[in-house]
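The structure is given below, and queries will be raised subsequently.
By letter and in written order, the chains are A, B, C and D; residue numbering begins at 1 in each of them.
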């Protein structure tokens, strides 16, 4: 038994390095997909201290809106623009109906409020566009090809690339635009930001809108794989370990966390899964994150928690 | 008031050559002093002198890199703060550290935590020994409440109390533990004159009636000189003076420290 | 006018420390208990018992369990479903292995198993705090779900992997299994919940409760006055999981009759957390109010449109129900973030002064 | 009970809820069919066509035939979101509705079926879990009130192996072959495992079990394993989003779709459409025909939709799961007809419906009358055998529609039936049930 757990899997890896490389690459590509979802959480947590559980449903809502519009004959480019507009309107609504009325509440109350919000969005999305599964095809190629024994899929590479672009854009946005700097200021200290005249409410609207757009990208990528349907909102659960591993407040953390979780769970599932009867990757991701947390309670890139009396 | 009628006893706590640093900054640098039984010791010094750090070291919240602490003659090494509490060291905090969600009475009852031994199974029944224990400790807390004259706010959540009363409740919580050594971190900060007078009276009465040893940090020199038996002065993490209030008052280095003479 | 405490003097600390110090409250509670034990079983329909009251009580117990941990000790947990699962599966395993042991004793042992599991998954709380801990407890949720699905021993290797409550008797009356009547099951649940709720109330008003609240309000200060965070937090996790475990056992044996791991999925954990927060963190009464809100509101919302003769397509009706439920949650959090228990308290204060508010 | 009714009447209206529970607002004399549906939630894509199929068939019977031998059908939907707890609520709400109570329940969820099995005997409401639920219920001696004809997961798995043998040229060819079972990691998904394992022993193929955790949006690891393993055949027991993703992933590792067969819950239109052209060639098991070209569909379009083809299409007419619901509804209706043959042409009680189900004998001739000739197969239920072990058929997706690509494939009853009896005996022992004798 010990041999099976501690030695055999490594022999297995060494035995077929090409396959191992493929596992790692697939893990990395999957990790980027997780990061896409985790990013939305991070943005909102950073700027408003809200653990936005509705992010998963926002992904669903954005994708549903896009597909719904396309089903009604709206051309893809227009549907994309309209969806972005709708996400902005949504962010405005959320700020007006919810956030401004819950200022200064404890984190857990805000967290619960976002779960309430997720119910509303779910109901709204399904009322508007129906509960049936919808195929999402915006013309991303998805043929597979082999490179020195490693099978790659165009779609996965495209998704990873768009993830990378998205992160780059966000980084530029945060560092080189006026709004971005204001965002960072808000993230550091709400009160201080307010006192130097940064309009907190506007910032919140912007952040939720940006998170909505990130959700749209995530929704397109995941929706293309599974069709757009209710289950799309459940990918939030795959993003949570990424989130705690990378830290709630760090954009790079979401990326690195995603990569670690992606590779970790794939390697675990393929080399150790069969020993335990398979399907271990879901809880393994959480346990992996948990182990990291025991050494760094604030996540890899989270802000250090200092305790004083 | 300053007339010393109490019997000052043997050394209760001795700190020896304590050095504490955060990163490269020395908060305390080779500090040694003693606290004798039944006395009121004041620790003073300018901002950043390491006073609060000293208290944190004494009750085990910070762990000094160097030096020893001996309580009742027994030397101790690294330990968790609750061990200090078990030995009989209680304290109040510079920024009030009350349990905001609980009532005054419950806050003071938490001070009795270590005196209550019944297991949670008895507690779940709230009957027999557990009830008896609860009532006995409640009686003690009521004494503390009477002593501090806060009967009227017994059931008020402490978060709703004004600052001065919160300070008093915090003192009550510390007293409820029947400490051997009571550490008070700026007990009078932010109080008006009347409140300060009340607080002084409580401190002296505690010392008088229960014989509790007290170490306090305070900025108000008038108060310090009035109530303390002995004064330790810290500056930039070093001890620069130690003696009776009058002796300290006359110490040149202390005056320099307070006037901000440069340290080169 | 009638709700006054003037003239009621306490002559001992014991009297002052009772749960309901006001005489009118005691009468009110006595009446409630009488209705719950005698009135309801006589009057309520099977639908009412099976679909409303039994789940309400069971979830109230789970909510009390989570409230001990989250409301009193300040540790957010999303592993409730997992701990309930332990209770349910262990009850099945124990009662099929020892069919002659009284089922109530089995419940307690199953609760203890859950407590042990809770203890283990509580260990990270020593280092991890806040939302990091909340997400970390999801590890318990997913791991336990996987375990009970995968390890055949827990469900006696039956090919489907579901557990079914076999018939068990108490004083010669069948209380579990399909032949147990809804009234009997309701009464058993009510008794268990009443006893455990009382015990929880006792815990939180005594030393243990104060140590939990101290950790919740300011863990550093608590440690300095002599409360050991490790022991206190783990005790909260353990006792909380015990409650959840018993609730899970009742869920399978006194309500659903059979279950697979999906019955205890993550939604369950969220649902119980809702109850705790909507009801009021740090309030035993709040756990009941929260459970009532979360269980009963959707049922009312489902049944309301047909009652008023509105005939909506069932999916639209459900969507509206979901949206309304979500909005109500947000609404309540905005109106009173301290939960229904606080609203109740405010109402009582008002009533105390009524009709002369000054 | 009398006292209770009195008190209830006394306080009716006092509390809104008990009023709801006590007021089944339905006409006298109707045959009431409760419908546990899931038109929302994660499984709505499967739930919607099923719900529409039932609704349309009941409506067809009322509109075309004026009910079952003159007894009008009434039905009421209750939304379960595929959630067991809501299922219980719905069951309690609907079981006493109608003039004679619920005729029979079609839970359409493994979890809810498990809940209802013990209750059914007590409440005397039969359960027809057609092609799902507890396989052991095929033993009518232990599960008097539960029916799962025409066939079960275990039979299906054996028929799949039979199909593979046919394709490969005989059972002896199975020896040394690699077969993988990709399954939903739940009670439902694991159902086929014991059968596949037993058959692996018998025929000597190498079986690999690959579990996919709920919900199954991410299956890269599973399909990497398949890529490495290179199995000759892959059988899938998926559900919900897992199906769509699995088909997509299978395509992306270039697995030969001809050798990828889903079970009958992994082969609906909703499962293949999102996978696009990658799904072409994917196969699945079923026990009824696909498409809307059957006589019964023509009747539905005519009598339910007034000839409006596009409206019918929008309501899933002809989709796989819609068709399955039509078959299921037909079984229920025919069971009532059978019962009426014994008890008279009026609304049947649950007890009478149970008798009807147990004595159901739908011949090919009867199917022809019903407009279902070739659409599904004849079924003859008996006291001892609630399953009948009917054959399955394989359908294949061509990118636009499903079409049948095999003959009816018999199940391997000699392997499955003893397993059923063992499982049923264990259940009986555990739950202190004395099996009845069937003579």
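By definition in this document, a residue touches a chain if its C-beta (ideal position, glycine included) is under 8 Å from a C-beta of that chain, and two chains touch if they have at least 3 such contacts.
Remember, it's a predicted structure, so these values are computed and weren't measured experimentally.
The chain closest to the protein's centre is C, with centres computed as averages of CA atoms.
Taking the mean of C-alpha positions as each chain's centre, the chain lying farthest from the centre of chain D is B.
In whole angstrom, the spacing between the mean C-alpha positions of chain A and chain D is 36. A straight line joining the Cα centres of chain A and chain B is 49 Å long.
Taking each chain's centre as the mean of its C-alpha atoms, chain A lies 32 Å from chain C. Across the assembly, chain A contributes 126, 131, 277, 279, 282, 309 as residues in contact with two or more other chains. Among the residues of chain D, those in touch with two or more other chains are 39-40, 44, 48, 185, 213. Counting only residues that touch two or more partner chains, chain C has 146, 150, 220-221, 224, 315, 319, 322. The touching residues of chain D, when paired with chain C in their complex, are 3-4, 7-8, 11, 16-22, 25, 37, 39-40, 44, 48, 77-79, 81, 84-85, 88-89, 92-93, 110-111, 114-115, 117-119, 121-122, 134-136, 185-187, 190-191, 193-194, 213-214, 419, 423, 426-427, 430-432.
Contact residues on chain C toward chain B in their complex (touch as defined above): 12-14, 17, 199-200, 202-203, 205-208, 210-211, 213-214, 216-218, 220-228, 235, 239, 282. By the touch criterion stated above, chain B contacts chain C in their complex at residues 59, 61, 80-82, 84-86, 90-91, 93, 97-102, 106, 109-114, 116, 118, 120, 123-126, 130-131, 134-135, 138-139, 142, 173-174, 177. Only residues 42-48, 50-52, 55, 96, 146, 149-150, 156, 158-162, 164-167, 177-179, 255-263, 265, 296, 299-300, 302-303, 306-307, 313-315, 317-319, 322 of chain C touch chain D when the two sit together in their complex. Every residue of chain D that touches chain A in the complex is listed here, in rising order: 39-42, 44-45, 48, 185, 209-213, 215, 217-218, 220-222, 224-225, 227-228, 240-241, 244-245, 248, 252-254, 270, 273-276, 278.
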